[in-house]
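Structure below; questions to follow.
Residue numbering begins at 1 within each chain, and the chains themselves are lettered A, B and C in the order written.
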Amino acid sequence: MISSKELNVYYRQVHVLKDISFEIQKGEICSVVGANGAGKSTLINSLSRILPLKSGSISFNGEDISQYPPHRVVELGLIQVPEGRKLFPSLTVLENLELGAYQRRAKEKREDTLREVFSLFPILDKRRAQLAGTLSGGEQQMLALGRGLMSLPRLLMMDEPSLGLAPLIVKQMFNTIKQINVSGVTILLVEQNARKALAISDSGFVIENGKITISGKGSEIAENEHTRKAFLGL
Amino acid sequence: MKRYPLLKMSFTLSLVLIIGLCFIFTSSAFAAPKEVKVGLIYPVSGPLASVGKRCVNGHEYAVKLINEQGGIKSMGGAKIKLIVADSEGKPEIGMSETEKLITRENVAVVMGAWQSAVTFPTTQVAEKYKTPYIVPLAVADAITERGFKYTFRTGMTATINANLAFDIIKWLGEKTGKKAKTVAILNEDSLWGDSTAKTWEKNAGNYGLKVVGKFMYNKAATDLSPTITKMKSLKPDIVLQCAYTTDAILITKQMHEMDFNCMARIPSGGGYADPKFVKAAGKLGENLIVNMIFHPSAKGPGTKVQDTNADYQKSYEGEMDEYVTTAFDATWVLKDALERAASADRKKLRDAISKTNINTNNSPVLEAYDFKFNEKGQVPNPTGVAAQIQNGKMLAIHPDNVAVTKPVYPVPTWKDRGLR
Amino acid sequence: MNWEIFFQALTSGILTGGLFALVAVGLTMILGVLKIINFAHGEFLMLGMYMTYWLCTLFNMDPYLTLIITIPAFFFFGVIIQRWLINPILDAPMEIQILLTLGLFIFLANLAQLLFGPHVRSIETAYTFKILTIGSVNFASTRLIMFIFAIIFTTALYIFLKKTDLGKAIRACSEESYGAMLVGINVKRVYMIAFGIGTACAAAAGSLAMPIYYVNPHIGATFVMTAFVVVVLGGMGNFMGALVGGFIIGLAESFGAVILSASLKQLVTFTIFVLILLLRPTGLFGTKRS
């Protein structure tokens, strides 16, 4: 589905990603595990083509997207649900969702997708005319996810979707992620809550200081001695 | 007696040396004719550049004639060289530019600066450096009221100019039998407008006129209709005005818009004297009477005005209006003083200027009065020209000795002119 | 103040306010979407006036007909400026961006002076002499037409921003450009369009003002100073704020001129400006941004 080859990325003057190579298969849930500042968000933003690559390449569905601008990547179905949600606070819930389907491919099916999103998150339907900025944290996260789904993702990258949510809602969130995956969307998950994330993941890799140190199946990583100590708090 | 030839030889040698030296000095003086550097300070960029450039043209044209006619003869044909500095219409920039003219360019004399607000501080700079400063046109009285030794004004003061407006009102009344009784004053709020308006307010009574309202505005105004409405409710016979070009256009348009009518609007020169105003105001400007310092339609002694004006237009755009003419005349005053001083020394030049005595009838100057200075450095009795726009042309109507046509007075209402 | 003067001041304030609103809407749009203070805004207005002046003078066009040329022409002019001048420095520090728009302001003013000279120019059209009178209130037909067009343009722009996808995308970019990028909005393109619209607003205001005022290379500053006050008053980047603010300032100047003096009407404007900054720095319609 997506693969990168010897990716090197700088953020300002700092060499954040060093020779990152990985591959995610279609239909998988893949978790990226790592400490704060290890380069997880940088990786996602590099894949979204927001950050410039120093060297290396990214291929998505067999297409080299290394030189694409962010909006073309979205058109291809490589969608990011960012950390901190990045909603449009003074636009309504409905407008936020509609903007999710801004690209032509998604726009054509906008009404259908909207119905699906509302059935997945009925609360958003109830709040459709409300300004996004007035929603609760959990509702905002749903809206962010809903907006991402409106883009008709083929690969959905989620950056810290459970951050700042109540435990009950976190649980719902992971259920929803699984549900989305079952409907045929490949998922790349970056989570602080590494244990929960790896539990639902088919594969995963660990980033430390900008380098991939361990990779493999989700269960393998969860059982790895080093990961257990460093990231799972066991 | 052996020593005698030696003495004789040394004497001869010294003589040869002295003559030689003299020759070297004088020959170098002749080889490169002297130049007299004259500094000009005007707003040649910015919103007032349109007028500033015409002032510069007046100086340039006079200098061209002077240099063509052999320069300053008493200085071995020294040519006048103008150095133009840009005040941008701002007092603080005017000051630093004047200082540069005096200290870096080392000019013998400065001329400028049209706007009173700029002339005021720049003459002060010149006074500090004991450099003569000739003011052709900048009317604030205070400019020559500060006891300065180096400031000379060849033109009007606001008081003289303001009183001329009353002379015109009086003359119009006598000529047509329709006497105005009340005046309103509408002026922009810089030093020029303010000082002129204050003089009008103070002196109107002396001419049997009552001031019914006084209105001030900033020349950057975009809408003056509320002010005009307020003035309309006071029904003045005459409106006396001080305006620059842009606000003159705005006021003219909005007086029409608000259907403001009176016997006559008599603005004091400024923007109303700008030919661009006449063009821009079009039909709305018709029959306006402008109290001007000079207008080229005026009859002069012989055909001097017409000839000079025609020759001027061969090299420059536009007529010799008051800006061009006052600058032109001031330059001739300077030339006369340089001839008598035979030196570009600032002190000697100042003394020569103070002793100026030029009769307009046998001098190239165009304005119809004699140039001499009182102890304040002011020409005591300058006269002006009142002109009226008739069929789109400014024509001199007052005083009688320069008039080329009769006044239309009272000015017909907008309705009577078919404009409403 | 009698009723005659009151109603005249009210009418003048509202009519002039319409123009201020149109200028300010363009300025606030650029500020809101691009987060750039566009000091050259007044120069676009000035160039719009010149375009109308020349089209009227050379081709005898109706001044209001020239809008169909000035609006698209200045839209593209704005797009080009954004594409080649501003996009390259979007990530630069704010001082650099301010210097750039200031430089553009000086460049355009001087370019106009070079091309058209420092003279004041004004047009005379069939409308010039049509004055409307309602009761004791007088106003030029040109002033009313200017007002009506200004309202039509701002309303159309408001509907565009509210109802169309592109309009929503522009609002999205102004709120959260990062989020906008992630939903596949070509942010740089939206910036170009927003700058184009802002420029077109200024130029349209210039075209509408031409039959009433006059043009010289320095007229821009006269209007844009007021527009800056309006933008701050309404809340930086706030569309409705700019619209309402335009009318507030129009009325404040108008009544200020009657009650105090025309010389002091800018004092009224800037007193409002300072009070807003002190008491409600986010402006009348602004919201606190985290």
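To be clear about the criterion, a contact is a pair of C-beta atoms (placed from the backbone, for glycine too) under 8 Å apart; a residue touches a chain by one contact, two chains touch by 3 or more.
Here the structure is a predicted model, which means the values were calculated and not measured.
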- line: Taking each chain's centre as the mean of its CA atoms, the one lying farthest from the centre of subunit A is chain B
Message: Just the chain pair, please, that has the highest number of C-beta contacts.
response: B-C
Message: Can you compute the centre-to-centre distance for subunit A and subunit B, using the mean CA position of each chain? Integer Å is fine.
response: 76
- line: Rounded to the nearest Å, the gap between Cα centres of subunit B and subunit C is 38
Query: Which of the residues in subunit C end up touching subunit B in this complex?
result: 2, 4-5, 8-9, 12-13, 16, 110, 113, 117-122, 124, 128-129, 131, 133, 138-140, 143, 212-214, 216-219, 221-223, 226, 253-255, 257-258, 261-263, 265-266
- request: Note which residues of subunit A are touching subunit C in the complex, please.
  value: 48, 50, 69-71, 73-75, 79-80, 82, 85-91, 95, 98-100, 102-103, 106-107, 147, 150-151
Field: subunit A-touching residues of subunit C, taken from the complex the two chains share
entry: 165, 168-169, 171-172, 175-176, 178-187, 287
Task: Provide the residue numbers of subunit B that touch subunit C in the complex, in ascending order.
output: 45-47, 49-50, 53, 189, 215-218, 220-227, 229-230, 233, 245-246, 249-250, 253, 256-259, 274, 276-277, 280-284, 419-420
